[in-house]
Every structure is written in C-alpha cells, then in structure tokens.
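Next, two complexes with subunit A in common: one pairs it with subunit B, the other with subunit C.
Showing the complex of A and B:
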C-alpha cells in the first residue's frame, strides 16, 4: 500500500518538476532518484510484511491483498524499472520535449502494476489494467514528429479500448453468475458441475481481454506495429515490465479465481499458447529489422509465459516471477544496445564486435538468455515454466512443440550474433558509448548470468 | 576439489586469454593444457584406488547439485581430452592465428565444457555443460573457419541445439515421474526412476534422449552436419570436434541412456544397430570417392563411430569394454590424422589428393608419421586401433541372435572399405610422383613433438593396452549389468 501511494505521489512530483526544472538532465536525475526511493519503499514494505501475521493485510475493503509473493514481485519489477531508467535515461531525454511527463507516466504505470499484482476483486483488476494501459497509449505516441509513432498510439488506443469493453463484458457476466466481484467468492460459488453458462462466457471474455494485454495470438495483431512504431525506449518498457505485470494478473485471476474450473478453459488456453508460439517464432524469422524481430520475439516469449498459467499449480508463481524478471532484464538490455545503433536492421549490426566489443558481448549475453542457453536467466526461466507444465501432465505434446519453437528462435537471435561477430561491416553508432553505459551494460549482463546460475536469488 | 580443477583451470585461463595479446596467449594456453593433463592423469590414477567425487549444493529447490564423479569411463575421457588439447596446443604453437586471444580463449572454454560433460553425475549439470561445450565451438568455427563457415556452423549449431532441447524435455518428464516433492537430478535417482517406468513409456522417451545423442555422435541419418562442419572448421577445432565432441554423444549413450531406459533400449536396439551399420557402409563408400583429405577423414570418422554405436546396443560386456578402449584410441588416432592434414595444407596449400604426391621424398618424417597413424586407423595389429576394434567385433560376434552375424559381416565390410580408402590416401599423398609437390620443410620441432606423443601412444597402447583396459574394466561391466 505504501508503494502504491508513493508511486502516485512521485508521479505527481514528476509532473510538477516539468514546470519547476527546465534542464532535461536534472529532470532525468530526479526521476532516477525517485525510482531508487520507490525501490526502497518496496523493500521496506516487503521487510515489514515478513514480521506481520498471515494472511496478509486486506486493503480497500478487501479489494486488495498483500502477500509475500506480490510484494516480492513488486519489488523485483521496481528494481527492473530502476535498471531500465538507468540504462535508458539518455534515450528518454532524446524522445521529445516532455521528459518529466514521460517519467510521470512510468510512475503511473507502476501504480497500475502494483494494483494488478495484488487485486482481490475484479473491479481492481479493471482499474489496474486501465491505469497500466492509458499511460502506454500516450508513451507510444510521444514522438510526435514521427508518423509511425502516432499510428502506433492510435492503433494501440483503439484496440485497447475495444479490449476494455470485452474485459468489462466478461466481468459483468461473471457478476451475473456469481453476484460478486471478489475472487474468494468466485472460488466458493463457481463449481465445475453446476457451472452457469454465463460464467463460462465471462471466463472466455476475460481470457480474450487478458490475452490481448499479453499479446497472445490471435490477439497479437497490434503488437508488431505498436512496438515498432513507438519510440524505442518506451517499446523496451512496454514489452517487458508491463507485459510481466499483465501476466502476473493473468495468473492471479486464472489460478486463484478460476483455478478449480481449469477443465473448462485449459484446452482453449493450450491452443492459444500453441498459436502464440507458432506465430511469434515463425514470423520473427522473416523480419529484417531487429526492433521488429524483438516485437515478435516478445510474442514468442509470451507463449512460454502462458505455460505458467496453463499449469496453474504450485510452481506457477515461481516460474512467472523468474520468467518475468529474466525476460525483462535481457530484453531491456537488448533494447539498450539497440538504441545505440543508427540502423535497426540486421545489417546495421554488421561488424559491431570489432567496433564496440563490449556492446557486442553484452548483446550476445542478452540474446543467449532470450534463446535459452544454459547459465543465463532465460534458460532457468524456460526450465521452470516447462517444469510447471510437465507437472500438470497431459500437455507433453505442447512442451515438445514449444521446444521445437525454441530451436527456431535460435535462428533469429543468432542472426544478430552472426552479424555482430562474423560479418564484415562498420556498425554506425548514434553517439559514442560512454563508460557509464558500459558499466551499466556489464551489470545487466551480470544480472542475467546470476539469474541463470542462482535462480533462487529471485525466488524468495 | 581436484575434479573441480579439471573444469576450473581451462575455464579461468580461457577467460584470461581473452584479455591477452601476442605470444603470451599461446604460452598461457600451453601451460594451462599441461596443468589440466597433469590433473587428469592424477584423477585417472586415483581411479585404481578410490574414484574421486565432488558434491556441492546448487539449486536445492529443483534438486540439482554440482556433483562430479570420475569413474573409469569419465577419467579415461578426461585423460583423452587433456592429451588431445595439449597436443593441439603444442602443434599449433608455431602458427600465427589471427586474433589469437579469443581463439585460444574459446579453445580452453570448449575444453572446460567437455570436462564438465564427462564428469557430471547430475543430469541438469550434464545438460548445462553439454550446451556450454557447444558455444565456444560455434564461435571458433564461425570466426576462423573456411569460406562457407558461417552457414555450415549455423546448421551444426541448430541441429545439435534441437537435439539438446529434446533431451531437456525428456529429462524434465523423467524427473516429474519422481514422487511429489522429491525431485532429484542425481544420476542414481535418474537411473532408478527411469528403470521403474513402464516399458511403453520408456519406448517413446528413448527417442527424446537418443536423438540428442545421435546427432552428436553422429549416427546415420543424423550425420549431415558433420562432413561440412569438419571441412570448414580450422583444424584445431576439427580435432576438438572429431576427437572429443563426438565422444560426448557416445559417452551420453553409455551413461545417460543405456542404464536409464533399459526397456526402451532393448526395444529399439535392433533399429539403432541397423542404422549404425548402414552408416558404416554408407560413410565408407562415400569416403572412397572423396578427393579432399579432410572430407575423407570426416567420413571415416562416421564409419568408426558407427561401429562403436552399433556395439553399444548389443549388450555385450566385451563389446562395451572395447568401446571404452576404442573411444580413447579413436580420439588419439584421428588427432594424429588431422595434425598431418593440417601440416599438408600449410605446406602445399591444398588438400586435394590429386594434387599431392611424393611426400615420402620431400618430407620423409611426415610421411612415416602418416603411414603409422593410417595403419592405426585401419586397426593393424600392434597399433592401438587393433585392440579396440578386435574387442568390438568380438562383442558383435558374441551376441546371441543370427541377425548379429549379418550385422557383423556387414560391419566387417566397412573395415575392409576403410583399409581401401585410407591406404589409397596414403599412397596418393605420401608416394606417387614427386614432381607434384615442391620440396618443403619437414617437421618442425613442435610438430615433431606433437606427432611423437601421438605415435608413441599408438604403439604403446597397441603393444601393451593393459593400463587402458584396467582403467575401464569395472565401468564396462557395470554398464552391461
């Protein structure tokens, strides 16, 4: 609760900063400091919770519940945001004139994230998703001189509002069947044998709406255009931390509220998962721009994260947290390398290893992680989600399919490595890479490797 | 702790190599490889009294630990790795490699990965090393190889990566069959769980593991990456690939497949034997028509590995013992072959047999080395190749079905064909018209040293194979049981 209040206040502070401070650099420095404070608040809340009694405190008339898992998730995601802010501060300053507002919007996104991780009530889910999404519509269009950015914003907004309607419809139907918004009541009232068709329809609507938010096929159509069109630093945020938050909410809803109805939705979910893996991976192979490839890769990675929801068992929380963190860190790192380059196509990476060995090395580690090579976070994350779903049994065909798709993903991730290391060329940089940037990239690499060697560090 | 050194020495010196420039790298790599060899010698020696083991927690939540064990097979393969890498370093020490720091760095990292694979007695750890051994080789081939290197290496990488993922799926499935809350990747637990599975389950699970190992060995029809990869890689890397990495596949079959899924193995063993034998004949026939020496040896390697994999599935203890011996000897012999090929290529700038000839006159020492190693390659008595091959055929012969006699005859055909193409190569390269080859320098000191190690092993183990046989006797009979 402290974090929710803090991030809102910080967001408002940032908005005032735009009036008081004119220097972009100072604005960014203030924002980074506030992110650090926010991380401190999260850690403080986590630490004090440990000494409180279980079950966790109920807030807002029982509409939010804090427990160790979601406080931990909040802390990790705030940590990732801090890392993101550090890596991207220069690039965010380049996007446009309203730097303070951009940071304010990110604080509001975090507010949505905190609500989503702890909701206990469908209304809070709705509010959380809206608070998470609306700042993103603005960020997507923040590069006003760029037509593609405006297109991304409009597209995202239209599709997003449409999905909001579907989400509301789903919530309404559920309410009609169970006469409650509370997840605890839903578990008590909705039973497999006497399931109201209204509730079933509601579950499907909710599934469609959330699948849209996590860009699962066939609700993924907006993703490539929005991610490609948005300013790169914001794409990095949208495709990582925001996505992890949406997944956390997705899992919370389907495991905690609809977990014992899983026979009704598991098959549909399995088909969505298979489709997401197929579309994401196969389409990514044909991309010429690395940014667009990363957009499709984020769809493909979503396919793996869906496994955690599909499993909905004791291992799901661990796997979604680990996957969320590992994927976010590696992708943010990859985007941090990408924004340094002038040309976003594969050819733009040609010969980067000769020119900037450290940049190329960092990118290689991030790509290894995304491809799931052992001793990187990505491997452990994939391993945990597969473990969760195999424990569920009966879905082994999907596991093998997913692994085939992981082999396909090696193709497009390694194309970047091949361009950097084996192809002759002069990769052009936007600006010289500073020592601070290098240090930060190295730290990010270290985090990626640490996640792969000692995943228990983030598993509480 | 000693076992950990086998991985840590090459790993740390490998990382250090990236930072170094010039001749310092070569010296560092040479010293590192010697130190590793010394440790592996000690480990092998310890095997006769009490086998070394190491155990440390890693990720308790998923039941995996850093546990290493050096039984007869592991220490034999570590010894082989130590010897081969050191010989490569010695033979390479007068050559100028562009960008030497990363080159030697990756070589040593590959060695660390290989040591890990051979020592791991925890399935997840094994998987991690299995993948890690591949990454440095990927970079080595792609950066320092021939013209078509990038595409060829990529094919190789995707191929083996796909296989590894299948193995991962199999492992996860296997571990999930353990009682709730008791997940463990320890070798003993994996074996116990695997054995207890219903035969029907073992039968399909077999393929998840087998494909991974078959691609690595490689067994026909999973071999298509291999000749190209051998041909396009720089020779030191080809040696790592053919002398050591293919052993990973066979080793994995012996350690992680035969004991784990006995019913699955029993069901499919005929199929695998037939595939292996097809591979032997097929590869031998193709080898005969090759004109590029490197490709010829690549195909001959497929034939040799085919024989070993066929015997691995016959369930005979003599055969199993033969595989152990032959794994070592094949590694030694093929290293010698590649060394000579690389010397030929350096001196005369071609690997085309049609353009070679008269080496015996222009570089007699080299020609003698080539003859000895070729004879070992075709398993002439009193060379090391003979001991292993004899035991392998003995194993095939002892198998009780009549089918195996047919198999043995066909496999024997492979050996005869092997003599045809190997001797043909020797004749064309070492003898023939002198005019085709310009007189060139004979062996330099370091080349001499490298080949001397190989040849003395060839003859010593041919005359007195007892140390090698003793080292691997227990483990061979344990696997068959």
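Showing the complex of A and C:
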C-alpha cells in the first residue's frame, strides 16, 4: 500500500520535473534517485510487514491482499526497474524530448504492477491491467519521427483495447455466475460439480485476455511487430518487468481464484503452453535481426513461465518469482548491450569480441542465462518451473517437449555468440561504452550468475 | 402480466433488435445510430430497476458523448464498402466457428439458469446517494486508483500529441 502511494507520488513529481528542470541529464538523475527511494520504500514495507499468515489480510474492503510473497515480488521488480533505469538512462534520453514523462509513465506502470501482484478482486485486476497497459501504448509510440514506432503503438493499442473488451466480458460472465468480484468468494461459490457454463466461458475469456498480455500463442501476433517497432529501451521494459507482472497476476488469478477448477482449464492451458513454446522457438530461429529474435525469445520464455500456472501448486510462487527475476535481469542486460550497437542484425555483432571484449563477455553471460545453461539464473529458473509441473504430475509430455524446445533455443542464442567471437568484422557502436556502463554490465552479470549459484537468495 | 412486464418485454425487444441492427447494417453510420437506440433501451431497463442515476449517466456519457465521437470518427474516415478490407474465406470460417461455439456456450448457460424474479421494489442501489456511499466506502480504492490511469492517459496526450520540435529547440537553447 505504501509502495502504491509512493510510486504514484513519484510519477507526479516526474511530471512536475518536466516543467521545472529542462536539462535531460538532471531529469534522468532525479528519476534514478526516485527509483532508488522507491526500492527503499518497498524494502521498508517488506520488513515492517509482520503478518506471517498466508493468505494475508485484506485491505480496502477486500480489494487487495498483502502477504510476504507479493511484497517480495514487488521489491524484486522494483530492484529490476532500478537496474533497468541505471543501464538505460542514456538511451531513454535519446528517444525523444519528453524524458520526464517517460519516467513518469514507468512509475505508473509500477503502480499497475503493485496492484496486479496483490489484487484480491477482479475489479482491481482490470484496473491494474489497464494501468500497466496504457503507459506501454504511449511508450511504444514515443519515437514519433519513426514510422515503425507509431505503427507499433497503434497496433498494440488496437489489439490491447480489443483484449480489454474480452477481459471485461470474462469478468462479467464470472460475475453473472458467482455474483461476486472477490476472489475469495469465487473460490467458495464456484465448484467443479455444479459449475455454471457462464463461469466456464468467463474463465476461458480471462485466460485469452491474460494470455494476450503475456504474449502466449496464439495471442502472440502483436509481439514481434510491437517489440521490434518500439524504441529499444522501452522494448526492454515491456518484454521483462511488465511481462513478469502480467504473469504474476495470471498465476494469482488461476491459482487463487480458479485453482479448484483446474480440471476444466488445465488442458487448454497445456495446449497454449505447447503452442507458445513451439511458435516462439521455431520462429526465432529464422529471424535476421537480434531485436526481433529477442521478441520471439520473449514469447518462448513466456511458454516456460506458463508452466508455473499449469502446476498451480505450492512451488508455483517461488518458480514464477525466480523465473521473472532471472529472465528480466538477463533480458535487460542483453538489451543494454544491443542498444550500444548501430546494426541490430546478427552481422552487426560480427567481431564485437575483439573491439569490446567486456561487452561481448556480458552478452555471452546473458545469452547463456536465456538459453538455460547451468550456473546461470536461467538454468535454475527453468529447473524450478519444470520441477513444479513434474510434482503436479500429469503433464510429463509437456515437460519433455519443453526440454526439446530449450535445446532449439540454444541455436539462436548461440548464433549471436558465434557472430561476436568467431566471425570477422567490425561491429559498429552507437556510442562509446563508458566505465560506468562497463561496471553496471558486470554487476548485472554478477546478479545473473549469483541467481544460478544461489537461487535461495530470491526464494526468500 | 402487469405493466412492468409489458414495458420490460418491449424494451428488451428494442434492445435486442437494435443490437442486431448494429452488426447487420452495412453502413457504419447506421450501426452507430442503432447502438444509440440500444443504449436508450438499456437506460429504460435501468429506470425499471429504479436506477435513475445510472440511466441518465448511461444516456449522457454513452449515447451522448462517446457515440458523438464515434460518429465524428466514422464521418472523418469516410468509410464505405469500397475501402473496407476484404476478409479471406479462412478468416471468415474461423470467425463463424468461434462465434458459433461462444453462442453455444451462452445458450447452454441460459438453458441451465434458474429464472430469477427481479425484485422491483427494494433495489435502491442505483439511486445517487446509495451509489455515492458505495463508491466512497467499498469501492474507494478502485475509484481513487483509476486517477492514475487517467493521469497516464493525459501524459500520453502530451507525449504523442504535442509538437516535439519546439521543446527540443528550447532545450538546445538552455544547453547552450
């Protein structure tokens, strides 16, 4: 609750900064400082929260429920945002004239994230999803001189609004069946044996809408165009922290509210998961641009995160938090390397290892993590999500399929490493890599490796 | 069958037939007109349920403001059958199948639903004072937090709508 209020106030402060401070650099510095303060607020809230009980107490007439899990998730995601702001601060200043507004929008996205991690009412789910989405539509179109950016924004906005309609329709149908928005009431009212078809239709609608938000196949069509067209620093944010937040909400809804009805939706979810893994990994192989490849890779990674929802057991929370953090950190790092380059195609990476050995090394670590090589965060994350499903027990075929697809993913991630280390060429840089950048990239690498060696750090 | 039921059935018939008109009419302007009629019929239902405030808001906001915007957009875009993109047969088939499945589900749901009598007298939730009380007690958090949503939409209007060059020139002057 404190974090929600704080992030809203910080967003408004950033709006005023836009008027008061004209220098882009100082605006960005203020924003980074505020992200650090926000992280402090989150840590403070986490440590002063003395209710050990799960589920936690309900706030504001049952609109929100705070427990250790979602406060911890908020803290981690705010930490990732701080890391993102530090790594991307120069690039965000290059996107356009409204730097303060971009940061204000990111603060508002965090407000949506906090709501989504702790919602206890379908109404809050809807508002959280909207607060998360609308700033993204704007950030996608923030590079106004670039036609692709405008196209991305419009495409995302139209598809997103349509999905909002589907989400609302689902909520309405569920309300019609259960006469309540409260997830605790839904658990009490909706039973498998006397399930109203309206509720079933509502669950399917909600699944479609949320699968769109996390870009799971076959609702993934917007992802490559939007991620490719948006300014790269904002693509990095959209494909990482926002996606993790959407997954947390997805899990919260389907585990807490519809967990008893999992017989009804598990098969559909399994098909969506299989399709997401297949489409994401196979299409990523054929991409020529690394940015577009990362867009497809984010679809593929979404397929793995869907496993946590499929499992819907006690391991789910841990696995989604670990996966969210490991994936976010590695992808943000990879994008931080990508924005330094002039040419986003694979050929643009040729010979990077000779020119900037540290940049190439960091990129290698991040790609190892994304591919799920042991000793990196990505390996542990994949291990935990698959473990959750294995414990659940009924979907072994999907686990084997996922392992096969993970092997496919190694191909397109390693193509970048091949280009950097083994292909001759002169990789052209957009801007010189400063000492601060190098240090931050090293810290990010350290986090990725630490997550792989000691995942307990994140598992609370 | 009392007067209440007669009005209910008439309004329902208008609402359903106008809603069908929205999707069946070829001309988008006609669709909007049908939609306005649908909103009026639904407002009539609200009044039947003793929710005058909701009925008025429904007319002012939806039938008034939003539909006028719709009309403006449609007229400005000058839509007609020639510029409409042609859908492939496969897409049409997929649409028919998924729509039909949804129709089947809703039909099944309605078949199993118990017929409910609407309590005509005791519902006062749609009156403005009750609505206000609920809005500022039970639903105060969504009510307040939606301001963040509107704030970000307003920032969007500035970021996307405003000319960028003027501000950049100003910035360059400051930096010099």
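Please note the rule applied: the second predicted complex is superposed on the first by the 452 of 460 C-alpha atoms of A that agree within 3 Å, B and C clash if a C-alpha of one lies under 4 Å from a C-alpha of the other, contacts with A are read in each partner's own complex, and residues count from 1 in each chain.
Note that in this section a residue touches a chain if its C-beta (ideal position, glycine included) is under 8 Å from a C-beta of that chain, and two chains touch if they have at least 3 such contacts.
Since we're looking at a predicted model, the values are computed, not measured.
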{"item": "Touched partner set for A:421, first subunit B, second subunit C, both or neither", "value": "first"}
{"item": "Touched partner set for A:184, first subunit B, second subunit C, both or neither", "value": "neither"}
{"item": "Subunit B versus subunit C as contact partner of A:11, first or second or both or neither", "value": "second"}
{"item": "Partner chain(s) touched by A:358 [first = subunit B, second = subunit C, both, neither]", "value": "neither"}
{"item": "Contacts of A:200 with subunit B and subunit C, given as first, second, both or neither", "value": "second"}
{"item": "Touching partner for A:268 - first (subunit B), second (subunit C), both, neither", "value": "neither"}
{"item": "Touch count on subunit A, higher of subunit B and subunit C", "value": "C"}
{"item": "Touched partner set for A:101, first subunit B, second subunit C, both or neither", "value": "second"}
{"item": "Partner chain(s) touched by A:135 [first = subunit B, second = subunit C, both, neither]", "value": "second"}
{"item": "Which superposed partner A:127 touches (first subunit B, second subunit C, both, neither)", "value": "second"}
{"item": "Complex contact set, residues of subunit B against subunit A", "value": "59-62, 127-128, 131-132, 135, 139, 142-143, 149-150, 154, 157-158, 161-162, 165-166, 168-169, 172-173, 175-176, 208"}
{"item": "Touching residues (chain side subunit C, partner subunit A) in the complex", "value": "102, 105-106, 108-109, 112-113, 137-142, 145-146, 148-149, 151-153, 155-156, 158-160, 164, 167-168, 170-171, 174-175"}
{"item": "In the complex with subunit B, residue positions of subunit A that touch it", "value": "318, 368, 373-375, 383-384, 386-387, 390-391, 393, 396, 399-400, 403-404, 406-407, 410-411, 414, 418, 421-423, 454-456, 459"}
{"item": "Residue numbers on subunit A that touch subunit C, as the complex places them", "value": "4, 8, 11-12, 15, 22-24, 59-61, 63-64, 96-98, 101-102, 104-105, 108, 111-112, 115, 121, 123-124, 127, 130-131, 134-135, 137-138, 141-142, 144-145, 153, 177, 196-198, 200-201"}
